[in-house]
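Below is one structure; the comments refer to it alone.
As written, the chains take the letters A, B, C and D, and residue 1 is the first residue of each chain.
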Amino acid sequence: MAGSTYGNIFKITTWGESHGKGIGVVIDGCPAGLPLSKEDIQIYLNRRKPGQSRYSTPRKEDDAVEILSGVFEGKTTGTPISLVVFNNNQKSKDYSEIASYYRPGHADYTFDAKYGFRDYRGGGRSSGRETIGRVAAGAIAAKILKQLGITLTTYTKSIGAIRISSFDADTIYNNPLYMPDADAAKKAEEYLEKCLSESDSAGGVIECIIDGVPAGIGDPVFEKLDANLAKAILSIGAVKGFEIGDGFDVALAKGTTNNDSFYMTNDHTVAKSTNHSGGVLGGMSDGSKIIFRAAVKPTPSVASLQKTVNKSGEDIEISIHGRHDPIIVPRAVVVVESMAALTILDAMLFNMSAKMDNICNFYKN
Amino acid sequence: MAGSTYGNIFKITTWGESHGKGIGVVIDGCPAGLPLSKEDIQIYLNRRKPGQSRYSTPRKEDDAVEILSGVFEGKTTGTPISLVVFNNNQKSKDYSEIASYYRPGHADYTFDAKYGFRDYRGGGRSSGRETIGRVAAGAIAAKILKQLGITLTTYTKSIGAIRISSFDADTIYNNPLYMPDADAAKKAEEYLEKCLSESDSAGGVIECIIDGVPAGIGDPVFEKLDANLAKAILSIGAVKGFEIGDGFDVALAKGTTNNDSFYMTNDHTVAKSTNHSGGVLGGMSDGSKIIFRAAVKPTPSVASLQKTVNKSGEDIEISIHGRHDPIIVPRAVVVVESMAALTILDAMLFNMSAKMDNICNFYKN
Amino acid sequence: MAGSTYGNIFKITTWGESHGKGIGVVIDGCPAGLPLSKEDIQIYLNRRKPGQSRYSTPRKEDDAVEILSGVFEGKTTGTPISLVVFNNNQKSKDYSEIASYYRPGHADYTFDAKYGFRDYRGGGRSSGRETIGRVAAGAIAAKILKQLGITLTTYTKSIGAIRISSFDADTIYNNPLYMPDADAAKKAEEYLEKCLSESDSAGGVIECIIDGVPAGIGDPVFEKLDANLAKAILSIGAVKGFEIGDGFDVALAKGTTNNDSFYMTNDHTVAKSTNHSGGVLGGMSDGSKIIFRAAVKPTPSVASLQKTVNKSGEDIEISIHGRHDPIIVPRAVVVVESMAALTILDAMLFNMSAKMDNICNFYKN
Amino acid sequence: MAGSTYGNIFKITTWGESHGKGIGVVIDGCPAGLPLSKEDIQIYLNRRKPGQSRYSTPRKEDDAVEILSGVFEGKTTGTPISLVVFNNNQKSKDYSEIASYYRPGHADYTFDAKYGFRDYRGGGRSSGRETIGRVAAGAIAAKILKQLGITLTTYTKSIGAIRISSFDADTIYNNPLYMPDADAAKKAEEYLEKCLSESDSAGGVIECIIDGVPAGIGDPVFEKLDANLAKAILSIGAVKGFEIGDGFDVALAKGTTNNDSFYMTNDHTVAKSTNHSGGVLGGMSDGSKIIFRAAVKPTPSVASLQKTVNKSGEDIEISIHGRHDPIIVPRAVVVVESMAALTILDAMLFNMSAKMDNICNFYKN
């Protein structure tokens, strides 16, 4: 549990600091025979790339991925896939000030408390750049899921108090905030302009819908599918809450309204008339869409004056300048999708040995 | 990841079905030398025991724990601690009806989908009785934490729309709903009476406060303390949401208001003037109280008529009678506390090897 | 890695001390739908039961297994299987002497060094009785393997300098030493009589042959099939060496003689003309028989006078009396077989997700 | 268990193929504050570098390591350390022949059986170059152990039938075979010359002595220190046997001679008068030197004519030419040492939480 490894069968290990030589990931346990190119991965990385709009940091980073191992003649070999994005934008700027104090809302203080010191350049390991490894691995997981008929749709559900009130999948990629509702996106942009003008930042909610997962994925007790999704999503830097299906609203519901009735479809399969459960019952997928949400806090780096302490133990006031996103939500959308893809895939691979019938079929024909 | 094991260093494995011979847990990795008696564990189990009030199932179960291994001369030996609660209340009633259909909101269908069949007696492995093993192990984890100066306070924050508006720790144990606000408890009881009279059930929110955790516990990337808490809590049957600190409210906040300022205390330690973070920054404890909440859905077993399907693929209507809690929340309070204790302890044990200085000090004196 | 859990998918956790209330194992990850009865397990346990001959301890222990969970209507449910053998033969004898000193060749000293104290009754957790849990779980693993066409044959290859020179499978179960060569067994009995008369004990070598494992089981790097077998076998108390195929003799061989040539069989499959490799190449099974050996040390408990120290730090001389096996080898045969079965099965379950083709076939039909 | 990760707390993940872009390792869980430079690692890598003598492949590979993350201002930060050796010597030679058949003694056939195809260039993932990642990580583990007063001495004990008969530590590094006995080394060189002249290859035995490990390291049941060493060593490509202490000779011994007597030293500590156990009792270190051996098979790549099959299912004869070591043993010495260092360190880190006293001391001062 050293902390930088995720997954049990499809297992990823990320490495790298914001201003180190690069950011990477090793994927161990990727099945052999998957066609895989740099482009498959790059398309995902581009969704979290900075500089896409005025609501993300204006830093210029290509984030171009290289495949160092595990792919031969265009296909995965079953051996570890090593991916790296070299950091080309490492400025030799002076970090002595930031090294000297603890930024509110950041991990500066907790890193020092745990390890005795820290790589203070651009947030070091706690930088949002750490998610590059997750997204690169998530792209591969999502590609495998797609071959199994499973798709993920992830988008910004709300920014501040601005909430989507309609849903159009194509719209998601047509606005810089990845909202499926053009009107809401417009209002959210106005809200962000206001935040920017006040040297402040904003938070929001991301929603993810996973379609096509067969019933029975996930395990009944500690490895519940929703429990693993919760861990996956909370492991993303700025996330402070997770809910599946009706989530916190279930506290207000009653059993008769919260239960989803089962019925038989015309092609004689079991289905649910509603989806309050969010696609999971007893920790296992129930065959309906899996729907969950993540609450993302406002970017802690703001230019406004803040109180804090320095390493000499003095109370000070600071103002954080530089190239910071006024909101993390839009760039985090693909990170949420990646963590969800990794979680679903791992549970599906593990599920293959759940029944004697399956094992006998596998080894006896 | 077979599903019934939790933790990495302090590792627990639970077993048992609702109507099998018993429910148990094996704790592997408990440090040696902890004084431990049956009573230490029983006191926790009694908090989840049925029949405590008219808002829990009237089933009579003693849930008396036995220690089968790992304790010698009153102290833990460092070897696995095997705990068991034998099921004495197994009625040889007729389960053929419940075996024949899928109860809405339960794991009946997903169990069949995954494994091909299920132990349908009383919910089998998905029964709330499975949490006995968690609570027994949690009692030990909490006892160790107490020796390290760490305490957990867990209670019902809301039932339906009834939310606590005051907090008195002693009150928690003086009402059947484990609420720290006597007035709210009274109103919640009225709400539950109404649910009962309507053959319906209710949900709610549980809150847990952990005091005394030193800064630096948890790990920066996938093993974030809050990520592991989220998994731990979502692994409890009826939980549909998790949030830490301000949780979902961060979506509405701005950076300037959501950030917690640091300041120096009179005894020259770093502290925070507010606690929006809920005690965790960058996945590591920040030295302030850890505060999180869990959303618990209404009991799915209700006597009202519900639509569902049977195993013959027919649409049917059912009504679930029997001894069911109209609300799970009060009995789940100690389960939430147990999972939190297990999670915090495991992170603390793992943290001991984070620094060379610590390792050298440990092995060189 | 708390120490009492083995396996990744088919995961077992053992518990219990020699003179505690019982010895048990929890098996998590056993596939659903396997017909399983107490007798399936008891037949394995009987092979390690004491009192079978004058070369094993005359203690009377029934070692009757009980199934506490995970089996419903005669079949495994996919949930944890809890097995227990209660200790009925716990004498309330005086252990104060054995508690006061460190027996040579035993784990008394190392237990104290690690944990500060120990359960000194009959060896506590380091007793041979700990293997009951392994054998109970191994019986289940072997039953699954049998359904996949895989059989394990395990026997005593040598005792002291007496080595088998012929092989008859039926003979294995017709002599108390589990040797496949009746003549060798007779000579070995004479050797053991001499050891007994000299208040001494003997060691030996156990060999295991696994037939029917398809090619490709195991993983290329750290999870090599032979590496996991080595760990499994060395985790048995008295084992001091492991070798696969030609083992230590390879040091004397040359490439031309040690390599196994491949050839095509009449039914057009790849086969090997010899089996120096012992059935594993590059950590993966090569389709031929897997053959390995374990070196087992003489029972450390001997009645002869031995030098040691007591807990007061004094040099003393002791003589260990009581009901001790003059040789561990025969009773360890089924333990070796059990650990091998667990290891092979786990690798086979994991192997199911090695190829995209397999995953697509599994989820798409 | 995807196969390329080793260790639980000090966890390494290796990646890379013989003729891919590079070979690397990510170390997750390295404690913070260890001074670390490229040179610390390079000195270990140089011990396995090819081209050191006429008994290793004449390929010219620099094997220069780069540190990509986890080290800041000359010290480890506690975050993952990513190390890479780029492959500079990738010849664009024609591999079509080797791609078409299965080399005896190699993993060609088993790779195809498992994954459906393989990276056939230079052995792909099964190449000896894979051990670069292990050695790079082992160098760091050994450096930490050294700070704790623990040293490892590893050497060639025998080549073919030539066995060392004296021991001089300095001599190890003064002959190309890493033997501690100059005379034996000379005779072994003569033996290897003969092998070379016959287009054949040789095997041998490597011994490792670990000095300074305190008593109590390792765990009583499945995570025995010697069990983990066995796995670690068998996970090295050409190793076919492992033994600790007297190893396979215990089969011939008697209890009275195999037991090590304890005695009190002049400074009142417990010691052993002999070391048949090889420094481990009951899976835990006993405070004496840990001594184990590995049997290494002859290089399977020989120029002599060998029978095999091709992928078209035809019986053929092949002769493997190219730059192959006539013996793997000398270059494997540092690989054995690395795996031992990783194993000991991981057990020591885990051991820190074995006792309540230790945990309380850690968190309460």
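By our rule, a contact is a pair of C-beta atoms (placed from the backbone, for glycine too) under 8 Å apart; a residue touches a chain by one contact, two chains touch by 3 or more.
As the structure is a prediction and not an experimental result, all values here were calculated from the model.
Ranked by separation of Cα centres from chain C, the top chain is A.
Of the two chain pairs considered here, C-D and B-C, the higher C-beta contact count falls to C-D. Chain C has its Cα centroid 38 Å from the Cα centroid of chain B. Averaging C-alpha coordinates per chain places the centre of chain C 26 Å away from that of chain D. In chain B, the residues that touch at least two other chains are 1-5, 8-9, 14, 29, 32-33, 78-79, 114-116, 125, 214, 220, 350, 354-355, 357. Of all residues in chain A, only 8-9, 29, 31-34, 76, 78-79, 144, 147-149, 214, 220, 348-350, 352-360, 362-364 touch chain C in the complex they form. Against chain C, the residues of chain B that register as touching in their complex are 1-5, 8-11, 13-17, 20-24, 26, 28-29, 32-33, 66-70, 72-73, 75, 77-82, 84, 114-119, 124-125. Of all the residues in chain D, the ones that touch chain C in their complex are 1-6, 8-9, 14, 102, 104-107, 109-111, 113-116, 125-126, 130, 158-161, 195, 198, 200-205, 214-217, 219-224, 226-235, 237, 240-256, 258-264, 268, 270, 273, 277-278, 280-287, 295-302, 304, 306-309, 313-315, 346, 350-351, 354-355, 357.
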